[in-house]
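Each structure below appears as structure tokens.
Shared between the two complexes below is chain A, which has chain B as its partner in the first and chain C in the second.
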Partner chain A sequence: MILPPLRYLRPGSVGDAVHWLTHIDGAIVLAGGQTLVNALKLDLVAPTALVDIHRLDELRSIAVSPDRTLTIGAATTYAALAASTDVRLTAPSVASMAAGLVDRQVRNRGTIGGNVCLNDPTNNFPPLLVALGARFTVLGPEGTRTIDADDFFVGTMTTALGNGELLVSIEIPPLPRGARLVHRHLQVGADSWAMARAVVRIDDDNGVVVASRVVVGAVLGSPQRLRLVERALVGLPTGGDLDGAAAEAFDRESIETVGDVHCSADYRRQMSKVQLRRALRDLAKGTPS
Partner chain B sequence: MTQPQDEMLPISVTVDGRLETGQVSSRTLLVHWLRDDLDKRGPKIGCDTGNCGACTIRWDGLLVKSCMVLAAQADDTRVETAASLAHDDGSLNDLQACFKEHHGLQCGYCTSGMLMTATDLLESGEEITEHSVRRGLKGNICRCTGYENIVRAVRAAAGHDVEKPHGAAEEVAS
Partner chain C sequence: MTMQDTATSTWTGKTVPRKEDDRLLKAQGEFGDDTPIAHLGHVVFVRSPYAHARILDIDVSAAESLPGYLGCLLPDEVDVLTDGFMELQPAPADAEVDKCLAAGGKVRFVGEPVVAVAGTSRQAARDVAATVVVDYEPLPHVVDARRAVEPEAPQVHDEIGSNVAWDGVYDWGDIDAALKSADHVIEVDELHFHRFSSTPLECSVVTVSYDAGIDTFNLIGGCAMPQITTLMMAAAMRHPAEKIRIVSKDFGGSFGVKIGMYVPATAVALLSRKLGRPMRWTETRTEHHWMGGHGNERWFHNVKMAVTSEGRVLGLSYDALDDVGAYTRYEPLGAVIWTQVANACYQLQHLKVHYRSIYTNKGPVHPNRGYSRLQHMWLVERMMDIAAHRLGFDPVQFRLQNYVQPEQYPYETVNGCVYDSGNLPLSLEKALDLIEYDDARRLQRESAGTGKRIGIGIGSTLDSGTNNFGQARLINQFLPFSGNTEGGLVRMGVDGSVYTVTGGVAFGQGHETTVAQVVADMLGLTPDEIITHRGSDSALSAQTGFSGSYASQFAVTGIGAILNATRKLVREIQLVAASILGATPEEIVLEGGHALVLGDPERALPFAAVAGIVHFSPADLPAEVADEVGLVGRAVYRAPFEIPDLERKRGNLTLTYASQIHACVLEIDEETGEVKILRYGMVDDCGTPINPMIIQGQVHGATVHGISAALFEHFAYDDDGQLLAANFYDYHAATALDLPSLRYDSVVSPSPFTPIGAKGMGEGGGAPLHAIAAAIQDAVGGDGGVVLESFNPPERILGLLNGGTESTVRVLR
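Moving on to the complex of A and B:
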């Protein structure tokens, strides 16, 4: 298949990238290209220029600060995340998720920044990063700003990135002492497309749930926090019937799903609940994140 | 928005150990440049959508699908195709010999991609098991073999004692 006419630009720095993104009408970022190149073949997008950021070393670093905050460059590949000792020790859920993505070839090219900036509802990193309370550092024509995960993901295939802005890095704060996190997915096959995703985080203080984040993916407007479920869990004893409380609250949530070739909208909704309940049972069993 | 223009860009890429230079359109895919301009027919065009893995190469040492990369991106890099696998005298390397011995192909269209991925897996140092080979080859689709003999061939290349394919005959010197 032949791509539409476009310019190919390789900036020497993030500053150059932002300059081009700001001043070239219709220019977009090319990161790993594992979705974008296919979208170009299928005429799903029509940029005038691609700004290839994949080779910028300043976007590919992984660092841990003394307070154990993990900072990941936006162009870090899934393979690099899965192989990083720093990521495995400070955010094991991020490493395990990266290791189970698509296939060897795609893991070598696909980037965490591309994954979150596309924000396809079936993407796996957006719900996880919301549950982890990640922060997104963005460089734009007006300078740098930092956006909380809850505000970064605006809706289906939409983020808070404005014109000319480039995602530079993702900061993941350490989970507070006693917190646990589990992610569960119903996939078409291993390492494959998801029909339903649930990420559950419980912050425990002396045997009581003091805070929780419950996020579903693969729904319209993903990632979606289930605030009613979160509220139902807070105050319960960590060893109590979290599963029952969550299931009851889930039915009161407003969740919109769509059907596709893999399953109906109703099935997807039901399976979101199943994944949520399984995640809570994993937490009760003490399965590590 | 102004109508975007095609640009011609100079690239120089080391392909299978030889420096190749050329002019590519900004919208040319790497697989098309390798096949059409350089006549490197190792990478095949199967699905054109990044699913089948027939176009798999190693790019600066990393396994990738060359239909998901622009040729312009490969400037000043190193590419290895399946043509790099055989010994200098043209004889098969161990993995290729195992594919032959275990009948790890039928039509052969997926084979060069399978060989590239299997090479990457074997060199990665990961534990080789039936399961790890199947998972490792996930990005490569074969529509003939049902994978059974491909998995055996890769395991045999890792030194496992695996069953010979149906109908295999032992040759014994008389």
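Moving on to the complex of A and C:
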């Protein structure tokens, strides 16, 4: 068979989903299936049961709270994110990332929860959500907990999710006034894998960078925050030579990359820097991407 | 036959919507996996995970207890039941043994079939395959043709004694003298044409039902060369060819690569006979990438070009290592096919090539769109460009001056091929107009200092069509092939309706439409009234040995045969009508579904009456007419060829030369090496058009394929011999998002040698590979490196911007 024998389960509620994930040994979540089904076909994973969450309405909501915090259900598709006025107004970078992701077929099925739980180094959302300081709400056998983006992404293809835990929603706090964010990437062709990815956010107070988040993707251990670069930017005038300061600090960062059929490890590393500098130049020009 | 033979030209040459689109758009096509068959078993191959390994043991015992298991086929059985497939190469490499399952106790590439298992469903067969245990002892392997020719290299075929499948020297003119005396000589140590392929939408599907009662194999599946496939299978299975029937229905693309389908088809046939059930094998995309047929990868070494101070190119010489992968299959025909276009588009006088076909532990190559000519023309075009840049000639003028000129046709090449017609300067002028050349140069100047560089490139190329199979004797004098033919059949049914079937096999080229157009003109009907057989069927007597679709020929051979066949039917209709209407056959003309007396339209017989009389009332006819007429025209088109001169390796090897001149403007990002194509112009000249819309479709397809190959598609292997792009995750075939809007124009230079002046053109000559390489070079400019690879992903382009390849390119004088 293309699929080994396994159980397919469609829970009626988030609670049921967690129950099955906890009590069935080898059960895993099926969301949009855009990665998981391919992985099953290629025999890369061998679950005993699939718990299909993609029809759970509880996981497909998009809400904005009075303080403008955006809460996105884990099973929200890219297409729904791209089409949502709430998302476009409160977190335009999330909407634009979703709108430009791969192709229509993948956008119609793939979910933001699947994207981050998979945490493939080439994936679009993990670096962005780290830069946005997102918080992840997780339901597990022990109840609910909330994890900061910095702690959620643990390493290549791994997250902080424990046994039986389900990602329920992602909370994106409003950017402080004066904060700006740009994401840049280099990919194979117009719609294929990322060779390099960078997201930069600077929080500007009276013309000075007071905080920054600089995150690269498509490297080992993605998403990786470049703390040295961040530190180099803080305190600089926002109109100053951010690009130069970042470039200098970048060279002191320890960044590991791998090569594949599309390019070498070395090129990937070099391109992270290029994408980072471009993002900073965009910021300097005031063009959000 | 000439244009006058078609009574009128109401339909030929017009854009007519494709007949086949109606069913295809309504999902009423019937592709390989669609045909319902009772009692069908499914075949799955267990394949080698190693590039080279000895097979120590095969254990299928676990399969026997599985539900749905039907049986299997092992290499030992194949050894007894079949002889090796016919090999085209002479000694010593003819010792190669190629069978449908790994032969000689070892595997030679990743993905090679080792065991074929059958199950009641495709899923059951997969489960069974997963339980088969093959014990391998890995052997040293070789994946680089340059390594494969070293004395200590691992041997892909132990019985041959080296990895050289074919070795020969072509030497026309006197290049040594030219290199000695020329004002300028350019030398390049190494250029490389990469491995990629076509990616047909439909992978291979083969269904075989063995009919024990009549000892006949009935095969359904996309088969691009049905009679050669029959011959290959018949000889291997020691079975009469007339007891193998091959039917193709709708067929989702071949581009040449499916010529290799006889290999898996033989395994499916053997299993069908062994298990007494029809069997189907449906190839997965990964299987297709492993062995569905790669295009030839070629290394060019010691390339030298001689040029005069006025910019006249005298000729060139090089050594080629053609990496054919683990088995020759259709190879080493590639070792001669390139010589069809020995001159490329230019007035070369001297050419010397030492060509070797080399085995490696990689997937076998197969003819692939532009087969073997593409590689040579890329080399010549690259050298033209390097010479222009290095010697300071304007790349446009340099090409214009060296092109074969319009008044020189028919033009004889260094090796006796005859370029039939063309107008390369006009084509180039139109291509430059399409990209607004002067304006593009302005953009280029303005781009300086912006971080983007703009480059303009020209790709000049030929699509040689209608092979002279006599060229096979140039690689092996004992091969009994020469000339070329195609068959066709046109008949009138009992009610006067007209049915046609050709020997050619369509897989997207719109044959049903173009056939209907020319037949409609000859019979005075409309294309809608012509019933065209979908696909092909070897039992319908429309085929000849060379039948099929490959080598850009249908517009000549397929259409030629159908015209000849229709002419026979016309003659029969005239005979019947003349005897009923009391006229001479010469006075009968066909118009609006009637046979009528010229100048006296009152005296007319509807086709239904002609058919009715012949089929149901023959007593109405004079005996000599009734005895002769069956209302079936079956005819052959023979391409006018002679056997080449084997001694001097000279002769006319193809009948037609369509030309494609492409021009491209692209932009390179200086920091990343990314390429963006800004403008792309294609000018096609394929002689008299039969259906301009279909031609444009073919041109677009070939262009997209070429752009994709130049920038994205690469069958790279790692050092372990693993294919790194075994599915579409890693093998990026261009999508609409990657492409510019394509600008098209045409030139019409009718071929003087073909039935209606048309030329084959479906392959395209790979012009985008040439044009893009040239444009990258133009953008990189004089301080950077030289484009020495046909494949240029961003990282490689960035390397070029940073220089690097200098020392391997030398201007000697």
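Keep this in mind: the second predicted complex is superposed on the first by the 287 of 289 C-alpha atoms of A that agree within 3 Å, B and C clash if a C-alpha of one lies under 4 Å from a C-alpha of the other, contacts with A are read in each partner's own complex, and residues count from 1 in each chain.
Simple rule for what comes next: contacts are C-beta pairs under 8 Å (C-beta built on N, C-alpha and C of every residue); 3 or more make two chains touch, one makes a residue touch a chain.
These figures come from a predicted structure and were not determined experimentally.
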Since both structures carry chain A, what do chain B and chain C do when superposed there: clash or fit?
clash
A:190 contacts which: chain B (first), chain C (second), both, neither?
both
On the A-aligned overlay, A:282 touches which partner chain: chain B = first, chain C = second, or both, or neither?
neither
Winner on chain A touched-residue count between chain B and chain C: chain B
Chain B versus chain C as contact partner of A:25, first or second or both or neither
first
Pick one for A:108: touches chain B only (first), chain C only (second), both, or neither.
first
Considering only touches as defined above, state whether A:48 meets chain B (first), chain C (second), both or neither.
first
Once the shared chain is lined up, is A:16 touching chain B (first), chain C (second), both, or neither of them?
neither
Now for A:260: first (chain B), second (chain C), both, or neither, which partner does it touch?
second
Once the structures are superposed on A, label A:86 by its partner contacts, choosing first (chain B), second (chain C), both or neither.
neither
After the superposition on A, what does A:271 contact: first (chain B), second (chain C), both or neither?
second
Share the list of chain A residues that count as touching for chain B in one structure and for chain C in the other.
1-2, 38, 103, 190-191
Chain A partner contacts - residues on chain B that touch it in the complex
1-7, 9, 26-27, 29, 48-50, 53, 56, 62-65, 67-70, 72-73, 117, 120-121, 135-136, 138-140
Can you tell me which positions in chain A touch chain B when the two form their complex?
1-8, 10, 25-26, 30, 33-34, 37-38, 41-42, 47-50, 52, 54, 79, 102-106, 108-109, 190-191
Per the touch rule above, chain C residues touching chain A in the complex are 123, 126-127, 671-672, 674, 711-712, 714, 716, 724-725, 729-730, 732, 734-735, 737-738, 793-795, 798
Could you list, by residue number, the parts of chain A that touch chain C in their complex?
1-2, 38, 103, 186, 188-193, 195, 260-264, 267, 271, 274, 278
